[in-house]
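Please find the structures below.
You will see subunit A twice below: alongside subunit B first, and alongside subunit C after that.
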Partner chain A sequence: MLTPAEKAIYEWQMWVPGIGEAGQQKLKESSVLITRCGGLGGLVAYELAAAGVGKLVIAHAGNLKPSDLHRQLLMTSDWVGKPRIDSIVRRLGELNPLIEVLGIPENVNNDNVADLVGQVDVVVDCAPLFEERLLLNRETVRQGKPMVECAMYELQFHITTFLPGPETPCLACLHPEEPPSWKRQFPVFGAVSGTVGCMGAMEAIKLVTGVGEPLGGRLLSMDMRDFKVMESLIHRRNDCVVCGN
Partner chain B sequence: MIVNFQLWGQLRQAAGGTSYVVDVPDGVTATEAVQALASSCEGVRSMILDDDGSVRPVILIFREGRQLETDDTESLLTGCELTLMSPIAGG
Partner chain C sequence: MNTAQLERYSRHLLLPEVGMNGQEKLLAAKVLIVGAGGLGCPSSLYLAAAGVGRLGIVDFDKVDASNLQRQVLFETGDVGKPKVDVAKSRINAINPDVQVDCHPVRLDSLNALDLFKEYDLVVDGTDNFATRYLVNDACVLTGIPNVYGSIFRFEGQVTVFAHSNGPCYRCLFPQPPKPGEVPNCAEGGVLGVLPGMVGVAQATEAVKLILGKGNPLLNRLLIYDALAMRWKELKIKSDPECPVCGDNRSVTELIDYEKFCGAGGMDEEEDDMCGDEIVQLEVSVAADMMRSESPPLLVDVRTDMELQIARISGSKQIELQELNSRWQELDGLQKKPIILHCHHGMRSHQAAMFLQERGFSKLYNMAGGIDAWSHKVDPEIPRY
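What follows is the complex of A and B.
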């Protein structure tokens, strides 16, 4: 049951057709893993906290650096040199103290991935390294959990959703190996990571509430330099080592 | 014949622009056209091709809004447009 305080906070979004109190209750009972929680994941987490997702599990290691501040909006400039996850949990709690935020000061790795994915209904992949992304993908496929896939570069971004079952590809269908040219640090604006982060949050909300149509089997790409949008059908590889036959 | 490429991801900076045109023999497949692009554009060659000259499986190829398999055997028509996308991530 929603409390009067929750109804007051979520009133505007409950007016969205298909949401109502029942949809808000689904959000309250839902759980989402966000990894990592930087420029991209930070906006996913912020929007999902605002929307009243009942439990956020956030995996993000390391201490805040000055070069994080242009895009990682859950950080504050007085926190440089201190653990990012502490700032993330604090900021989310300030926005919405009615939800549970579980901050893990680690990135996804072989030892924690099964437990992290096992705690949630939906995963949002925001990690910068393909090693982490492919690991998360393998585990979400194994556990049959949906994964929202968000990525960015320069003024471009793309987003898709990998759904359990045979209807959509998984990340390893698209990128079966770690791309040799990808680097941990790359050009991007915070407005780009923020845009795709908000879109990733909306995908998670759609998955939880059943409202709208997730991007299963469709890759949505945008170049914010000229706002060119491209929607492409993507498919499963029969020989995929993760989800294939 | 002419094949027009639209480039996304790191390929853009590597090629020095958002698009690239290659002149290829009539009837080539999409993969052959991609290999021709890699051969004519030094900046993207190692991103697109592996050591034995095959198109890396991480490179996504789209035609008319649909992803193509790297073993797609359909011949291209002159003036057609392919979109190439190199992997990107978060952060």
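What follows is the complex of A and C.
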């Protein structure tokens, strides 16, 4: 049941057709893993915390650097040199004290991935290392959980959602290994990572509430130089090393 | 002809275009009617009455109450009976001269050719696209004229396909509509008398072809609008590119027509992957397609400068910026698979969108572009 305080906070989004109190209750009971929580994941986490997702599991290692601040909006400049996850958990708690935020000062790795994915209903993949993405992909396919996949580069971004099921593609259907052009450090504006982060949050909300149509194998790409949305399909491959026969 | 026949066909015998000779031709003729439905009923009635010696009727269905509004071979009491059986007794009641061959089977790629070879011409009264393409191809392959008719709500079409080097159905309609795109009679409804007009026009053409008189509906498509009560005539012609009757034929035997129509007209295996939407291809899948027997066209949309650094052999280059003025170079490939690539996959995606808006329907974007290609497929290609 939603408390009067919760109803007061979420009133405007409960007006959205298909949400109402029932949809808000679903959000309250839901859990989402966000890894990592920088320029992209920070916005996903911020929006999902604001929307009242009951439990956020956030995996993010390392200490804050000055070069994070232009896009990682959950960081504060007084925190440079200190663990990023502290700033993330603090900021989310300030925004919405009614939800549970579980901050883990690690990135996704072989040892923690099964546990992290096992704790949640939905995964939002915001990892800058492609091996982390493939790891999350393998685990979400194994556990049959949906994964929202977001990425950006300069003024471009991509987003899709991989749904569980025997007919649906996974990340490895398109990228069985790290694409050669994938870069750990790359040119980007915070507004670009923030845009796709908000879209990723919306996908997670859609998956939890059942409102709208998740991207499910449709890849949405945009170059924000001209704001033209490009759409394409990712097909499931029978010979996929992760989800194939 | 015996006395009874002379009497029965006397109004034919009086016509100089028919006469004794013509009536003998009719009595010796063998016509296959595919589908005892709205079109097959009136055409078979008139062909029987005219004294066509042998009528084959293909229909696996039973009479349904909803058929009676237009399928004039059947009466109320026939509901539930096999259509071919009712048709045979009704036709023989009209004219015992006619030998009726009942074919209570579903026409398919295995039985069509043998069946068609028994007859001089086919009257197409089918109600679905898969069978219509099957009838067409079987007619072309056996060299039997196809007297074609179709109906939709208040409008009908008639012509003669696969005759005297004229066009075939595929020349006009190389691709079937997508499943569900065109409603059938059960979904869209049909005016009951409409198939009467069209079926009788088909019977007329069949009789003319048997007699060898008049101008058959060759290279002409008649369109009948019942609401306006108007017949229009369209000129049609053979398509030299037609896969079944053109110069370079790719359909030389009957295919799987359910699949052909169900998959929105894909005629190559890999095309099953691509509908009207752009499909992202992993480079190794793209490489497999390029190595196949009928590789898709590879279009490189990078700049001349980039091309000098690295290129995939066999690609056609149209720079993204020039696509607006040069896309016509790809004209004719609207239904063919095209793989687009650039450096990393973004510009080629834009190019794919541009082509999609201009009617290209089998577009693939090579994910990761030439960079991924050189990484995974051909390390000889320099990366930049």
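Structure notes:
Everything that follows uses one rule, which is that the second predicted complex is superposed on the first by the 243 of 245 C-alpha atoms of A that agree within 3 Å, B and C clash if a C-alpha of one lies under 4 Å from a C-alpha of the other, contacts with A are read in each partner's own complex, and residues count from 1 in each chain.
FYI, a contact is a pair of C-beta atoms (placed from the backbone, for glycine too) under 8 Å apart; a residue touches a chain by one contact, two chains touch by 3 or more.
Since this is a predicted model, take the numbers as computed values, not measurements.
When both complexes are superposed on subunit A, subunit B and subunit C end up clashing with one another.
Judged by the touch definition given at the top, the superposed model places A:H70 against neither subunit B nor subunit C.
With both structures placed on the common chain, the touch criterion links A:S181 to subunit B and to subunit C. In the overlay built on the shared chain, the residue A:D125 is in contact with subunit B alone; subunit C does not reach it. Of the two partner chains, subunit B is the only one touched by A:R133; subunit C is not. In the superposition on chain A, contact of A:L233 is made with both subunit B and subunit C.
Counting the residues of subunit A touched by each of subunit B and subunit C gives the higher count for B.
In the superposition on chain A, contact of A:R142 is made with neither subunit B nor subunit C.
When the two complexes are superposed on chain A, the residues of subunit A that touch both subunit B and subunit C are 156, 174-176, 179-181, 219, 221, 223, 230-235.
By the touch rule above, subunit A contacts subunit B in their complex via residues 36, 38-41, 125-130, 133, 150-154, 156-158, 174-177, 179-182, 184-186, 188, 193, 219, 221, 223, 230-235.
Those residues of subunit B that touch subunit A in the complex are listed here as 8-10, 12-13, 18, 46-47, 56-58, 60, 62, 65-67, 83, 85-91.
Interface of subunit C with subunit A (complex): residues 273, 277-280, 282, 284-285, 344, 346, 349-350, 352-353, 365, 367-369, 371-372, 374-376, 383.
Within the complex formed with subunit C, the subunit A residues making contact are 156, 173-176, 179-181, 219, 221, 223, 228, 230-235, 237.
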